[in-house]
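These are the structures, in C-alpha cells.
Here come two complexes built around chain A, the first alongside chain B, the second alongside chain C.
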Partner chain A sequence: MDASQFVVQVFNGLVIGSTYVLVALGVTLIYGILRIINFAHGEIFMLGAYLAYFLVVRGHLNYWVTAGLVMMGCAILAVVLERVAFRRVRGFELGPLITSIGASIFLQNLALILFGGDPRSLPTPYLERIVHLGPFVFSIQRALIIPSALVLILGLYLLIERTTMGRMIRAVSQDWEVASLMGVNPIAAVVVTFVIAGALVAVPSVLVAPLFYVFPLMGVTTTLKAYTIVVMGGFGNTTGTIMAGLILGVAESMVAGLGASLWVDAVSFLVLIAFLLVRPYGLIGERREENA
Partner chain B sequence: MRRWPAAWRLLAGLALYGVMAGAAAMIENAYLMHLLILSCIFAVLVMSQNLVTGYTGLLHLCQAAFYGIGAYASALVAMKLHVGVPLACLVGTGAAAASGLVVGLLSIRFGGHYLAIVTLGFGVIVNQILNNWVGLTRGPMGLSGIPAPPEIRLVGLAITWTPYTYLLGGLLLVFLTYLVLARIRDSKVGLMMEAIRENELAAACVGIRTVRVKVVAFTLAALLAGPAGAMYAHYSLMLVPELFGFLDSANLIAMAVLGGLGSFAGSIASAVFFTVVPEMLRVAGEWRLVIYGGLLLLVVLFFPKGLAGLGTLVWERIAGACGRRSSQPLMGEGEARGAP
Partner chain C sequence: MIRWSRSNGALFTVLALAWMAAHGSPAGAAGAGAPAEVKIGLPIPLSGSGASIGQRFQKAATLALEDLNKMAAGKMVFVPVSADSQCEPKGAATAGRKLILQDQVNVMVGELCSSATLAIKDLAGQNKVPLVVPDSSALNITEQGNPYTFRIIPHEVQQHTALARVAINYYHLKTFVVAYEQTDAGVGAGKSFINEAKRLGGEILDEIALHRDSPDFTPVVTKIKGANPAALHLTMLLDPSVRFLKALHEQGVAKPVFSSIWYAYPLFEQLTGPASEGHIRQLFYISSSKDPVAAEFTQRFKAKFAGEEPDFNHAQFYAAVRLVGEAALKYGPSREDIRRGVAATKDYQSAIGPLTFDAKGQVRLTPQSIIFIQTKGGKAVILDDEPGFDKKKILGF
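Let's turn to the complex of A and B:
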C-alpha cells in the first residue's frame, strides 16, 4: 500500500467511521437512559434507507428534502419501537434484549416481504461527481458524510449539554428515581432520546445507502458494528463512542485495503476482544460498577 | 420442593422415555419426525444456554457457535481422517468444550453487557472462519457428504439409522443432558452459580471462587452443545455456516428466556414449541418469520417469566381451584406490573 492509497483508505475509513458513529450514538444514548441494548436499531437504519429510496425513486423528491423527511420518519419509527417493545419491559434484565431481537426479526422479514430481497441502489446527484484534491480523487457523496456527521455531533452536543431537554435526559440517565422525584418526566426524556436516536440513524441511511445497496438485512451488520463501538467507547460515553467509531472505520478500511475484506468483521471483533482485555471499561471510560 | 428418591426418579425417567419412544413409533409423518429430531437438538442447546444465562446469570450470545464447532469438528474429523462416527462425535464434543473453555476464560474479565459483546464477537469470528476458510469448510457452499453413523450391533440385534432411531437417539440426548444439568443444579456448584447470579460480589465475599464457577458454566454449556452439533452433522449430513450465526445464537437465548430462565423443563418446552410452531406457520408462507418475530415480542411482553412461569400460573390456578393454598406468590405477576 503506497502513500496515496493509504490516504484514500484513511479517508474511506473516516467516512465509514462517521456513519458508524451516527448509528452508535443512538445506541449509546438509548443505553444511557434505559440501560438496554437495542438490537433493532439497525432495522430503523434499514427502513430509513428504503424510505429514502422510495421518496427519491418513486416520489422524485429532492435529495435534501428526502433527507429531512427520512429523519422524521426514522424518529417516528424509533418512538413507536420504544412504545411497543421497550416501555412495558423496562426493568427486566433480559426482557428488552429479547423484545428487540423479536422486533428486529419482525422488521427484517416484513421488509423482505414488502420490498423483496433484491438489493436496490439509491441514486443521488452526487454519486458521480468527484473532486480533485492535489493527487487525490474523492467522490462528493463520500465527502459529504464527514461534515454532516460533524454538524450532527456538534448539534447533539449542544442539545445534550446546553438545553433543558438535554439536562432532562442527562438527569434521567444518571438516576431515574431521583430525576422523577425532582419533577422530570422520565418517559418524556426516553421518548426524546428515541427521537434523537432515530433522527441520527436516518442520516447514514440517506448518505451511505447510495454507496452500497439497500436490502432487508443491511441492518444486521450495522447493529453489530454499532454495538462494538458502544462497548469500545465505554457504555453511554459519547466522546468514547465517537473515537471508537472512527478508529473502527479506519481499521476496517485498512484491513480491506490489504486485500482481506472477507475477514473484516472477524478482525474487528478480534481487535475489540483484545482491546477489552487491556481496557475493560472502554477507551476513556472510568472504572464503575455496571448497573445494567 | 419434595423430592423423590433417586431410584424412583430413575424409574420414572425410564418409563417416560419408554412412553415417548412408543409414542414416537406411531408417528408416520416424516416431516413431523424431522421437526421432533430438531426439537431434541434445540432442547439440548437451550438447556445448556439456560445453565449459563438462567442459573449463572451471564449474558451469553454464542451458543450457536459452540454448536457449530461441535458440528463442523465432528463432520470434518469423520470426513478427512476417516475415523468412525462415534469417535468423531467425541472429537466434536471435545472441540466444543475447548471453545467453551476459551470463552469462559475470557469471561473472567468481563461482566454484563461487556461479556455479551465478547461472546457475540466470538460467535462472529467463528462464523467468519466457517464462511471464509473455504479450503477446509467449503465456506458458504456448505459441507456435504458427511458420513452417517454406522449400524449398531447389540447382542445380535442390528440397529440401522432411520429417522425413528435418530429420534430415539435425540430423546436419549435430551434425557442425559437433563440428568447432567439437574445434577449440577442440585449440587454445590449449582448453588454457587445461583449465588453468582443473585450477587456476584456477595458470592465472592462468602468464599465462592466466582471465576472458576463461571468458567465451569461456559465449558459445560459448550460441552453439552458439542454432542447436539455432532448429532446434527451426522443426521442432516450437510452443514452450512448460516446455521450457526449471530441470529441463531440470538434465537437460542430467546428460547431460553421464553422457556423461563432457571427452568430446564421450560427450556425443553420452549425448544419444542419454537421449533415446531414456526414450521407449522409455513402455511403462512413468507409471513412465517414476521409472525415468529412478533410472537417473540408478545410472549416476553405478556409472559415475562416465560412458558415455565405460565406453567406455574396454571398450576397455581388448578391448585387454588382444588382448595389448596398456594405456597408462594404467583411468579412474575408483581414484577410485571410493578416495574419501576
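Let's turn to the complex of A and C:
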C-alpha cells in the first residue's frame, strides 16, 4: 500500500466509522440512562431506510424533506418501542435485554412479510455526482456522511451538556431515584432519550441506504459493530463511542485494503477483546468501583 | 385435582377434531380410492440473506404444483411442505431432518446455497429420499456421486470455465482480479475461473476472498483499483454484489465485470443502477428468451402473478418441481419410484433448456443450457444474438 492509498483508506475508514458512530450513539445513550442494551436499535435503522424508500420512490418527496420526516418517524418508532418493549420490564435483570432481542426479531420478520425479501434501491441526486480530488474519488452521497456525523455529534453534545433537558437526562443517568427525588421526571427523560436515539439512527438510514440498498436484515451487521463500539468506548460514554467508532472504521479499512478482507471481523473482535482485557471500562471511561 | 366435566369433554372433542383436520391422515395411508398424496419437501431459505430468493422459489413452486395437480387429474395430489433452511448448513440440516423424518416427504427440491445443499444431500442419501437441486453450483454436490441427488444446472467448473472462455476468446481480455465470497460456491467459482483463464494464457493480478456481510467494500475496491486489471471476475450473492459494484462505480473503476448466474434480470440492474453497465453474466433462463418452452413459462407466470416478470430463480425452481412431479406421475409416488423417474430423465424440455442427467446426477451441459448477457443502458443484451458471437466456437463444446 503506497502513501496515497494509505490516505484514501483512512478516508474510507472515517466514512465507515462515522456510520458506526451514528448508530452506536443511540445505543450508548439508551444504555446510559436505562442500563439496557437495545438490540432492536438496528431495526429502527432498517425501518427508517424503508420509510425513506417509500417517501422518495412512492411519495416523490425531496431527499432532504424525506430525511426530516424519517428522523421524526424513527423518533416515534423508538418511543413506541420503549413503551411496548421496555417500560413494563424495567427493573427486571434480564427482562429488557430479552424483550429487545424479541422486538428485533419481530421487526425483522415484520419487514420481511410487509415488504418482501427483495432488496430495494433508494435513489438520491448525490450518488452519481463523483468528486475527483487528488487520490480521492468519492460520491457526494458518501462525502455527506462525515459532515453529517460531525453536525449531529456537536448538536448532541450541546443538547446533553448545555440544555435543561440534557441535564435532566444526565441526572437520571447518574441516579434514577435521586433525580426523581429532586423533581426530575425520569419517564420524560427516558422518552426524550429514545426520541434522540431514534432521530440519530435515522440519519445513517437515509445517508447509507442509497450507497447500498434497503432490505429487512440491513440493521443486523451495522448494529453488531455498534455494540462492539459501545463496549470499546465505554458503556454510556458518548465521547468514547465516537473515538472507538472512528478507530474501528479505520482499522477495518486498513485490513481490507491490505487484501485481508476476510479478517475484518476477526480484527474488529480482536480489538474488542484487547479492550476488554486492558481497559474493560472503555476507551476513556473511568473505573467504576462497586459499592459494598 | 382436575375434574372431568362435560365442558372438558366438549373441549377435548373440539381439539381432537381440530388436530385431525389440521394433520389429516398420515402420509401414504390414503384410504381406498383416495388419490395418493405426494409430499414435495421444499428446504428453502425463508429468513436470512437468501430469503428474497426463497420467496421466489415459493412462487415458482405454487405455479408448478398447480400444473402438476391438473396433470394428475385426481390420481395423485401434490402437496408442498416448506421448511426454512436459512441458506446455511445448520439451518439446512435441521430443515432437511424435519422434512424427511417428521413430515415424511416423498422427495425434496432445494436448497439455494451450496453449503446448505451439501448439508441436506447426505441426509437425503442416508434416508433414500431423492433431492433435486435447482440452484446450487458447488462441484462436490454431484461429483461424489450420490444416487439420490440430482442437479438441474451446470456446476461451478462448467459455469466459470465457460465464462473464462468468453472473457478471453470473445473479449480478448488478459489480466483479471478475481474476487469471491468465502463459501463453498464462491471459492469453487473463483478457482474454476482462475484455472481456465490461466490455461488460456490470462494473468491473475489478484485473488481476493470476501466476506459477504461486509458493510462496505470501498477499501477492497481501492486495492483493486491499484492493481488496474483489464476485467474482474466476481462471485457473491446478489445483495453484497450490489454493494460491491456500487463501490466500483463510485471509485471510477469502469472495467468489465464477469459473474455467474447469481443475479436475476432485471432486479440486478434496477438495484445496481448505472453501476451495472457493461456487466457480463451467464443465465440459464431469461424472460425475453424466444425458446418456446421458456416463453410459455414466462407467459404463464405473468398470468398467475399479476404481470410479474419471472427470473431464473423462478424458472429453475419451477423446472425442478415439475420434473419430480412428472417423475412421480410416470413412475409412481414412492421415494424410490421418483428417484428412478428422475434418473431416467432424458431430454426433458424445460424453461432452462433440455435436461438429461449423467451417472452422477449432474445435468449434461450443452451450449443451449447457457445464455450470456451483457447489461447495456440498463437492459440485458443477449450475446448469443449478437453477430460474431459463435457460442460453440467460443466455448469449445
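A few comments on the model shown:
We take it that the second predicted complex is superposed on the first by the 285 of 292 C-alpha atoms of A that agree within 3 Å, B and C clash if a C-alpha of one lies under 4 Å from a C-alpha of the other, contacts with A are read in each partner's own complex, and residues count from 1 in each chain.
The working rule: a contact is a pair of C-beta atoms (placed from the backbone, for glycine too) under 8 Å apart; a residue touches a chain by one contact, two chains touch by 3 or more.
Note that the structure is a prediction, hence the values are computed from the model and not measured.
Touch criterion met: A:91 reaches chain B, while chain C stays clear of it.
By the touch criterion stated above, A:137 is placed in contact with chain C alone, chain B being left untouched.
In the superposition on chain A, A:231 makes contact with chain B only, not with chain C. When the shared chain is aligned, chain C comes close enough to touch A:253, but chain B does not. Contacts of A:99 after superposition on the shared chain: chain B is touched, whereas chain C is not. Legend: residue contacts after superposition of the two complexes on their common chain; A:273 is shown touching chain B, with no touch to chain C.
By the touch criterion defined above, A:177 lies against chain B but remains apart from chain C after alignment on the C-alpha atoms of chain A. Put simply, chain A uses residues 108-109, 112, 262, 265 to touch chain B in one complex and chain C in the other.
Across the interface of their complex, chain A is touched by residues 47-49, 51-55, 182, 206, 208-211, 213-220, 222-223, 226, 238-239, 242-243, 246, 250-252, 267, 270-274 of chain C. Note for the complex: chain A touches chain C at residues 1-2, 5, 8-9, 12-13, 15-16, 19, 108-109, 112, 116-121, 123, 127-128, 130, 132, 137-139, 142, 211-213, 215-217, 221-222, 225, 252-254, 256-259, 261-262, 264-265. By the touch criterion stated above, chain B contacts chain A in their complex at residues 53, 59, 106, 109-114, 116-118, 120-122, 124-125, 128-129, 131-132, 246-247, 250-251, 253-254, 257-258, 261, 286-290, 292-297, 300-301, 304, 335, 339-340.
Listing the residues of chain A that touch chain B in their complex gives 31, 37, 39, 84-85, 88-92, 94-95, 97-99, 101-110, 112-113, 176-177, 220, 224, 227-228, 231, 235, 262-263, 265-266, 269-270, 272-273, 276-277, 280, 290, 292.
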